[in-house]
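In order of appearance the chains are A, B, C, D and E, and numbering begins at 1 in each one.
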């Protein structure tokens, strides 16, 4: 049967009047989509090569370029959309699993968008966050049900209970685990520097620790995943906390695979594997087949780090998330990370990314509730990840019961990412998801850090605005304060799971 | 002159009586046994002198435009709330939000005052509000202040030896605060800075210090002998970078 | 809960924010004085309420029966009374059972059966006596329809209802009682009809709280308390204060000062600049008990048989004045409320934001660490 | 000791887009509107910034305004001089006779010959007229940064 | 402190500026035999050719010198240096005492013995503005249409070009087998010669003037080959020698030029020399040489000036270099480019219009020639002066896109971030 060409996804339109033939677009496209025709003295694009990263559009000094979606549709069918047809064609041609990157883009219902926030009117004053103190500092780690105090001979009250190690966040937003390999060193440096400036944490991901990041230890969480890349005792002790990764929202239940050709000299050094070998992260940790095995690993890490660092455990939000979370806490996790169905990734099978897991809004609500019911909520902090897009999502997540959130995609977007979903190709024009030195240098970590700091500071301001509006001046008064939330257009069972009332209902 | 005994009176009763006396052209009204009656002098527009013995209630002299009120005793919250002109002299201490949104006139407090003194005070045209506090003040002095003059003399210090509380001048974008005695840098809102007053600056202050000393019997030279600091906003746009486009 | 415009639902069913006036008077040497004083004090703060709630807590009023837990009850019906008494009889020896004496007052619409019991627990083996009483209160309030425990301490009682303080005081014959601590409240609830149980003081064991302001962190505080076994059923933010105080001061035996530093925690910037040991202590308190931070505007007076504490929020959004004369400690929303009963105190001051004012009974051993 | 403004070259961030070159040309023409320049200016000047490129190494290079500048020493007419205002070494085209001594000695190879009108040496003057260098402003990745150096 | 500077050429003037950078107070006296002070000698050929105005002859002005508090004594010739008395004696017999002395007296044109040279009008050397005034006056007054330039070096060529600009037909006579025999190689010389010829200039090589004919004024010259060339003007431009005769017996050591150390100090403490009169080491071959070129004079003058004023600065050595543009053909020669031998690795590039050559010795660049495409020649100059090991990039040296990008990363980084101090150490 005849092979049909799959139509280009994007069209790159160029206003020839505006084009000054600077050829920046030609020089800069890593996919080689743009070219210059000497004879015609004009610049053209091979649309089929365009992935829609918008880099040329952003760089064009005269705004001559517009990258747009190809309005072409095979047929306007509601069920058999062009996307499905094209996927089928690709698979019919290759016989392969569809690969994709970044977060779930199916139009699942966003519960964050159906939750509204409260504000003070008359009965209590709202607080001006710019002028009055407004505190968003958050500590992650094991807390006590009861602190024992004692009095010394001078009558001063002293703390008797020993406090478990904590992570101190000046803003309750951290940067998600993204490994060296999946993102460039410059991207990591941007995250690290921003974390340091703002007073929060970034996460090395499972790819080991590039030496350039060692100096950011006091703002770093090191991750231990099934591949154990780059993991040794120095690594465990290099950061402020250790995070065991069981799963991630984009691909619950499956592992990772960094192809050998991407294992460069530098990656080899940090992953501690020979240059050119495949870096395989198995789906499970092969020393964890059950909850008690998790406990064993947690305590092995605690031993190795002399109980000086919080140990966290990250899982994907799946159907049974609440009991699993409770088990993790009882197994000794000082903080747990729940990554929802919209979590991002460098590469995942499309079918997994788009169809496995549950929305984070439910996950955090049921986990928080379950831990409270079991009386162990204080034993671990809850960090929420997976599709946090703005400060409102942060606020809602915290009010639903999170202590802090992780952002990955949002951070990458701040660095330039346009979600073209082609990270797995390693040719990221924005210099983020690539190791090509020609491309990585496009991300200047000074600019990157500045943009991330701006983002976090902006969110911080917004969080403070909202807190002030609610008449509270400390984030702990928001944490789990579901009274501040109301659902709009949600069913009763959804409201029940979220633990919130419908809009219109008073206290 | 008319005398009123306010003992056991509800504020409506008391204030009706005062309004009536003012309406009848009385120039001086003395009220005895004031205790918690609110809104005394509120909205009065005539130049009349009201002497109060006791503790008046909240919002003393609110929206007042002309009268002089002298209180022999402490005052509660909200003295001189949105006052337009006139004068309030307190031979005691004052509560919170002293001179809230005050646009003109003068308030003299012999003792200390509470939180948010001079909050939102603003000068307008010929109006120039002035607050003079003899003792210390609590947090948020001059919050949102947009104009006028606040003078804290620190003749009495708080339990930690301070003249001001925390968050001084937060949100301040106009006017001046003079403090006699030191102010710690870390207690300042991010909008204000400490300046050394010039001779011109001090010349603006001296008449009010003098008046204060005359009112409460302090030695002017002694009061002036200690160093003053001047707190002023240093930028009109402290939040310039706060908003995205 | 369905909302009907035609008939306002009593605020029993909603959490109602309210702004109010408070007053507390204590004789630190334990000398008892008439409740008339505190009624007078409240009378000058009439403007702070709207007649939808007032109440008094009195300590030392039942010296003859001081060894028994005194339950002040509100019943909606004889049926509720019967159920409660059955339940009590199973767990307690009922030493006395009598109506709470009242006086006819034209402005008070009596809607409840008001009753008091003096009880002796049939001591259970698994919990302390006090925890046992707490669980009784929780049970009655939550499970027995139409019954509400106003107070449950020894040698003390709470008298509250819907009305202005003077009327409620008159109704309950407050002037006939003598106590060494009196706290009082004048309520200004919004949007609903006040109900008797929703008036202040709130009480558990011999803890009482009167409160002016609104606890915006209620949702957090409630869930925090739930993990310690408290059931917040009264839909009122003041309730959480009572339980928090019970948790920290009775169960954890923290001093009033430490408790104050949990409920109105110092700012991080101030904690950061404290000396090492203090910094450790206050960081730990904040980290661990963040859920107990009372946020929003408040001024409260907390009392138990040994002490009375006034406290307001961290940025002083509600007023509070204190005064001392001789053995008397006065705390009130307005200075006038003190001056009316004590025209010439030795000292009068407005406590700093988040700084507690504590009076401790000198004659008896205090329940906790000293201030 | 003078504070000298300098353009810091950071090859690790240069992506080789060469926008600095076209911004330089625009600045020389004297308008920011690239489209107009491209459409209506008949003969465009040469950029005074050179983008060097080999493999993944790319960087934009323009006059370093050396403290101990070879071109200043080599200039026999006094045409090459340091602008006291900006600290930038500038060519007085009136005085330049085109002997190319400066071209011969500049170790960065950034003094060029401009033979379009009168033969004169041509080099970056940090956009003295414009205020701030166009190449720096136009660099999308801050691979060029204007700094002030205390000598 | 009294500084006496003898000579107002680039060495003398840059020394003064260096002194003033360090010492704003000391007394500075500039003594020069010239009438004009602060003008640029190389510009005299441009002036003659009408390519530069008189105002633009000055690269520093007397005013500027007065501003920085320099006492200028022009048209004053120093005839003696009294080392013991620490004074110089001028032609008027005046003694000027110094604490520090700089001899920046430059060179004197060399005039060979030629029959019939004496006492004839129309014969000139050409090294000063006064020479230019005389030649210009003579050419215009006599309506000269033909001229002979003896010497195919740089000055000779520039003189010839200037005369041609005045409409004079010029013949260049060079004793060597090609013009510019010292600094350029055969190929380059040929290309320049061709360029000269396009302007209508006749170039005679392997020959020289042996006789000047004419009665009162010159009418023709006779070459060694026997050829007679009628001419109204003879400019002798066969070279300049260091102006050092007056130091004979002063106690200051002189070889070809005044011997100096790396601080530009002579054997006599406090007496310095710089520029065309000084002899120092060639940076490449390590030989003592007088390298009479402008940038060397400026650099040496600066070094001398700093050292005189008390700042210790060392001069690393010079290399010969020249840049000349004839008939629109720009050329550059740097270092030891005109060499042969096994020890040299030579790469060339030629495409008819352009000629490029690099000479490498011991893996280091030692010389380079550029004809027509000279735009980034300075990079090569820098590499020669820096003596950078070129093994990693020598193959790329003549690539069209050769630039700093091919240099070792660390070196480039140092260049780009810091700066190259190649004239002072």
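Heads up, the rule we're going with is that a contact is a pair of C-beta atoms (placed from the backbone, for glycine too) under 8 Å apart; a residue touches a chain by one contact, two chains touch by 3 or more.
Since we're looking at a predicted model, the values are computed, not measured.
Steps from subunit B to subunit E, minimised over paths through touching chains, total 3. Shared contact partners of subunit A and subunit E are D. When you average the Cα atoms of each chain and compare centres, the chain farthest from subunit D turns out to be C. Across the assembly, the mean Cα position most removed from that of subunit A is the one of E.
Each of B-C and D-E has its own count of C-beta contacts, and the greater count is at D-E. Closest to the middle of the protein, by Cα centroid, lies chain A. Each chain gets a centre from the mean of its Cα atoms; for subunit A and subunit D, those two points are 43 Å apart. Subunit A and subunit C have CA centres that are 46 Å apart. In whole angstrom, the spacing between the mean C-alpha positions of subunit C and subunit D is 78.
In this assembly, the C-alpha centroid of subunit A lies 52 Å from the C-alpha centroid of subunit B. Residue numbers of subunit C whose C-beta contacts span two or more other chains: 315. Residue positions of subunit E touching 2 or more other chains: none. Of all residues in subunit B, those that touch two or more other chains are 140. According to the touch criterion at the top of this document, the contacting chain pairs are A-B, A-C, A-D, B-C, D-E. Within the complex formed with subunit D, the subunit A residues making contact are 17-18, 20-24, 27-28, 58-59, 61-62, 431, 436-438, 441-444, 446-447. Chain contact summary for the complex, subunit B toward subunit A: residues 140, 143-144, 167, 170-171, 189, 239, 242, 244.
Interface residues of subunit E, counted against subunit D in their complex, comprise 10, 14, 40-43, 46, 51-52, 56, 58-60, 294-295, 298-299, 302, 321-325, 330, 332, 334, 374-379, 381-383, 385-386, 401, 403-406, 409, 412-413, 415-417, 419-424.
Only residues 10, 12-19, 21-23, 34-35, 37-39, 55-56, 138, 140-143 of subunit D touch subunit A when the two sit together in their complex.
Within the complex formed with subunit C, the residues of subunit B that make contact are 10-11, 35-38, 54-58, 73-74, 76-77, 93, 95-96, 114-115, 138-140, 165-166, 186.
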